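Okay, got some structures for you below.
Note that chain A is present in both complexes that follow, paired respectively with chain B and with chain C.
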Partner chain A sequence: MSDPLLTIRDLSIDIETPTVAAKVIDHANVQVHLGETVGIVGESGCGKTTLLKAILGILPKTAVCRSGEILFEGRSLLDLWGTEESRRIRSCDIGFIPQDPYLSLNPAFTVGRQLNESLLELTGQGAYAELLRMLRAVQLPDPEGVLERYPHQFSGGQRQRLLIAAALARRPKLLIADEPTTALDVTTQSEILEVMRELANETGVAMLFVSHDLGVIRSICDRVTVMYAGQSVETAPADALVNAPKHPYTRMLLNCHPGRSHGFKGIPGQVASPLDPPPGCRFSPRCPIAIAECSRRRPQPLHPSPSQEVSCPRYEIDLETAADA
Partner chain B sequence: MATFLFGERWPCFSRLRDVTVLPDLGYGSMVRYIAVRLLSLIPSLFGLILLTFIMLHAVPADPVTSLAGENASPEQVAELRARFGLDKPLVEQFGIYVWQILQGDLGNSIFSNRPVLEEILARLPATLELITFALVLAAFVGITLGTIAAVRHNGPIDNIVRAVTISGLAIATFWVAIILQMVFSMELNWLPLRGRFDVAYPAPPLITGFLLIDSLLALDLTAFGIAAQHLAMPMITLAIPAIATIARFTRSGVLETMQKEFVDYASAVGYRRNRLIWIYVLKNSLSVVIMQLGLLFGALIGGAVAIEAIFDWPGIGSYAVNAILNFDYKAVLGVTIIIGIIYGIVNIIVDIIHAFVDPRLREGI
Partner chain C sequence: MPDPIIECQDVSVHFGKKGVGVAAVSEVTLDVRENEIFGVVGESGSGKSTLARAILGLQTPVSGAISLEGRGLDPLPPKMARQDRAKIQYVHQDSGAALDPWWSVGSSLEEGLIVHGVRSADERHRRIERVLDAVGLNESFLDRYPHELSGGQQRRIGLARILVLEPQVVILDEPTSGLDVSVQAAVLNLILELRAKLNLTFIFISHDLAVVHKLCDRLAVMHLGHVVELGESDEVFSSPAHPYTKSLLDSVPRLDGPPREVRLRLKGEPPKASIGAVGCSYCYRCPKVRQDCSAATPVLADIGDGRRVACFAVHAPAGDGMNRG
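Moving on, here comes the complex of A and B:
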């Protein structure tokens, strides 16, 4: 495979408060290749959104990068942070679909004014025509009229379509979507996902899709990275991940899904706090097959097959037998 | 219940309430909105007149005894009293006065015996010019300072702005006025000590009553310079507390807006930072500031009273001071009414600007 479009390698980020530092991301690895859709899945608070903010350069001032790098087409985004070039990358090469369409549009400006603002860089008239084309593609009727209205005159689903159109109108190389359907009701969710899937196929854009919903991820992504408490624990093709999960956390997470044949099971314990994370593998305190070594050193990624990566030396051990033993 | 109270029992109130939400479209509905708002001024003005009238008559001072002099006989005093209509019962006096106002007559000044309205209108432009330019200056400086402070939240610039705004509010304006006079007029001799214009130079033809604008319209740059020099110190003195207020409200408004998700989104999709702050964020933060402008206008009219006296500015502030000292009650009432009307109109204008800035207000959402 060619060089990846986006590489997040060994990334660690702390959010510092006056008293403590929250270790929100701990040595995370994610890769997105050209034309590929990669999902990041994990529970709330596992660092998914922080990871996206790091790529987009909108981390709070209190965030400190302790290790690792973010490479976009070989350029280090963390080094470019705050420069004109980083802004141009975000303006032209990366499209962003935010989590909450209600809060992501400025109520004081018409939709056209604010969506155009981020497209100014591009080709002026060309970008405007492309925006109109995309508004049609996301099935908003009367695109010219839409642009003259204010955000409060749209429903949540319509706003999310607007934001998708704005993200794609810049013809980005990479599309970043942060739980784009969470704030919407279920029927709207599936419509939006359908629109995104179609447009992604049509334009061939690479996509980084973040969600806590494995079903959504599976329906839209080629590969999936599972995160737990700021660590990326497993990466695999979507089907392989769902059918043959390796990491104990992924296996237990899938068992939580009520529809699975194994029957519904929860994961005992609570998600590790980033304020005082357990040493080594952060899942070890809740892991039924953990050994003393797990909480001493952070496990190195292993490759059960060329397309899979799992950060657990004991991924071959069966959970049931371990629990019974 | 609410419908019963506001919708049926007082239909006029419900209509008022509906229309006080600014209409979105069309010239006609805007005219209707302004007309309704102007009409709603009438009850407030009536209350204002009633209150001032009662307060003036509750004070144990009598314009007639001072006017008649110490040696006047009781008959002479009674005759003067009758001439001004002060011998009639209070209710009747009030009725006569309101009837006069409805005919556009504010009565005659007891001392100059000239129509109060005429005297006020002659002095009003000077005060309006002073207040308007002070408010424009204050808005410009205050919004800039407040925004910079918010962007550099908790940094050294923020701390300086905070210290300056607090002292700007705490400082006594008459003291600032005198210090400015000592430095810029008496020491440096840059600016004239008092007055509104140079008596030796012909004044520009009266068009708007604002000397700065009239001199520009007459293409007389010398006159413009003279007017600007005279305006500078009273304007700055009047603007200082207003700058402090506006800067504080802008700072907190911008800080609040910066927390909003749409700012993160805009930043993530590559807005230029300067445009992000000075257009995208600022427009959202100005609601509170614009409401403050209306209130500040009222406060500045009050502040102008002292400042006009210090700088010998021929406006209605100094006129009001003289009227109160002489107990010229018709003049006091007249000033009160005119300021009330101006204040009401300014607040209508503020509401219109407000709806212009916040589109949601146009639909009452």
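Moving on, here comes the complex of A and C:
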């Protein structure tokens, strides 16, 4: 595999609250190689957005990094936080598509004014031509006309196309997308995913793609990292993850999928709170195959195969037999 | 066959004037049977919520008739219509967010009963107790405020607020969008349980086709204001008849089987459902389009086994001598 573009290694982040520190990210590992699309999947509150914000350097002031590093092209982003260089990387080399297309454009200005201002500032006059090219690539009709219109004159799917075009017009090396299709209906979602797949192929941009929908992740990602309560519990090629999941959390998450479960199944219990996280493996209180050891020590990553990583020493044990025992 | 509890006959709802306005709902005919879960699916803007509002009496149809248990419902000003149709209740898409942050759960629940003229405090408390139990919560929740509840608990309270009014028909607008699989499973199981326990009928509006497939007995597929297909959900999902239903099912990201290729592509602007438009609303992107499709609007006709489809290509397949020259 080619060189890593982005490496998140052993990252832990606390966010101070009036009472205690929320231990939001706990020794997480994620890697994105050149030209690769990596998915991050996990239930609400497991730290997906916080991880993205850490990469972008937009965490609140109350956030503290307790351990680990974030390397972009081999350079530590954490050391660069707040410097001009970090601002340059953030605005030129890393593009960002936020979760809600309805909240991310200012309704008072034309789309062209908002997109162009930020682009011109960066790359000068060539930017406009590149933006128009990208607007065509995402198949928005009448690109020049688009720029004169106001955000409310677009549907959710069209706004998302706009934001993708704007992010890609800067020619970033890495595109970060936080649930880019969650607010859209299935038809629009599949069109947006198609557009993103095509543009990734054409431009060679690497992507870090957050979603809680494993079907979406499978349709667009090469590899996937599963997060639970701030810990990265499993990483595998997308097909392997969906067809042969290892970690008990991943297996239970897949079992909940309406297409696979009988009736509607959930995972008993609730996602561990970062204010008072369980010790050791944070999934252990909900895990049917946990043993006392699991809540004593955080499990070290194991490698069932060269491309797979799972943080559970008991990943070979069947969930059903354990539940019966 | 159970009796229909709600019937819509050629119901149309328009916004704005002819030529410039939107035909949000066009000549919709459907029946919802007692104690069933009836699904309404279709992409954003297809008129699902507007149809619900017409049934509730919040939106006056320009034509057509709606009846409840065989009794024709007269168009009334919204406030009077709501009293007249108190047996039909609506759970708003974001029912958690709709809770007043300054009101405890108990006061929120009681307020609805006071507004609906339940004078006796004993009666109010009896109903609240029963419903809390039905939604799987207990009295300790009465003193809590919305921010002290999880997303799933907020949805349960949103549902409880409607159930204390003892409706017969509950319309749920996107009740699980944005919920995690676990919380979603809890909400869906609750719906199944309440249907059995309280003999309720549900109209379930959703983008999530996998959920609709498993939850609903029958469903209607809407496209730009028209019902294009209606039938038993098992059958519609296993052998969709209308080309739009097919492409909608193809858009669902899958966990199993080969990833689907996106066949459907928006060409240019999607047309608005304009008032007085002639022709099938889907013909501009239908793979099976033929000459007659834009000349007249296909009506919903029975194709056997209670399945109804509005499509010329299904009614008279090519080769039957129609319009082929």
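Basically, the second predicted complex is superposed on the first by the 317 of 325 C-alpha atoms of A that agree within 3 Å, B and C clash if a C-alpha of one lies under 4 Å from a C-alpha of the other, contacts with A are read in each partner's own complex, and residues count from 1 in each chain.
Following the convention adopted for this analysis, a contact is a pair of C-beta atoms (placed from the backbone, for glycine too) under 8 Å apart; a residue touches a chain by one contact, two chains touch by 3 or more.
Everything numeric in this text was worked out from a predicted model, so none of it was measured.
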{"item": "Fit-or-clash call for chain B and chain C when the two complexes are aligned on chain A", "value": "fit"}
{"item": "Touched partner set for A:Cys92, first chain B, second chain C, both or neither", "value": "first"}
{"item": "First (chain B), second (chain C), both or neither touched by A:Phe109", "value": "first"}
{"item": "Which of chain B and chain C A:Ala240 touches, first, second, both or neither", "value": "neither"}
{"item": "Partner chain in contact with A:Leu253 - chain B first, chain C second, else both or neither", "value": "second"}
{"item": "Partner chain in contact with A:Leu78 - chain B first, chain C second, else both or neither", "value": "neither"}
{"item": "Contacts of A:Ala21 with chain B and chain C, given as first, second, both or neither", "value": "neither"}
{"item": "Touching partner for A:Gly156 - first (chain B), second (chain C), both, neither", "value": "second"}
{"item": "Greater residue coverage of chain A in the superposed arrangement, chain B or chain C", "value": "C"}
{"item": "Least C-alpha distance (whole Å) that remains between chain C and chain B when both complexes are overlaid", "value": "8"}
{"item": "Common ground on chain A, meaning residues reached by chain C in one complex and by chain B in the other", "value": "none"}
{"item": "Contacting residues of chain B [partner chain A, same complex]", "value": "260-262, 264-273, 275, 280, 283-284, 357-360, 363, 365"}
{"item": "In the complex with chain A, residue positions of chain C that touch it", "value": "43-45, 150-151, 178-186, 188-189, 192, 207-211, 213-215, 247-248, 250-256, 259-260, 262, 264-266, 268-270"}
{"item": "Touching residues on chain A, where the partner in the complex is chain B", "value": "53, 56-58, 87-92, 95-96, 98, 100, 103-110, 114, 117-118, 121, 150, 152, 166-167"}
{"item": "Complex contacts: residues of chain A adjacent to chain C", "value": "43-44, 139, 141, 155-157, 182, 184-191, 193-194, 212-216, 218-219, 242, 253-254, 256-261, 263-267, 270-271"}
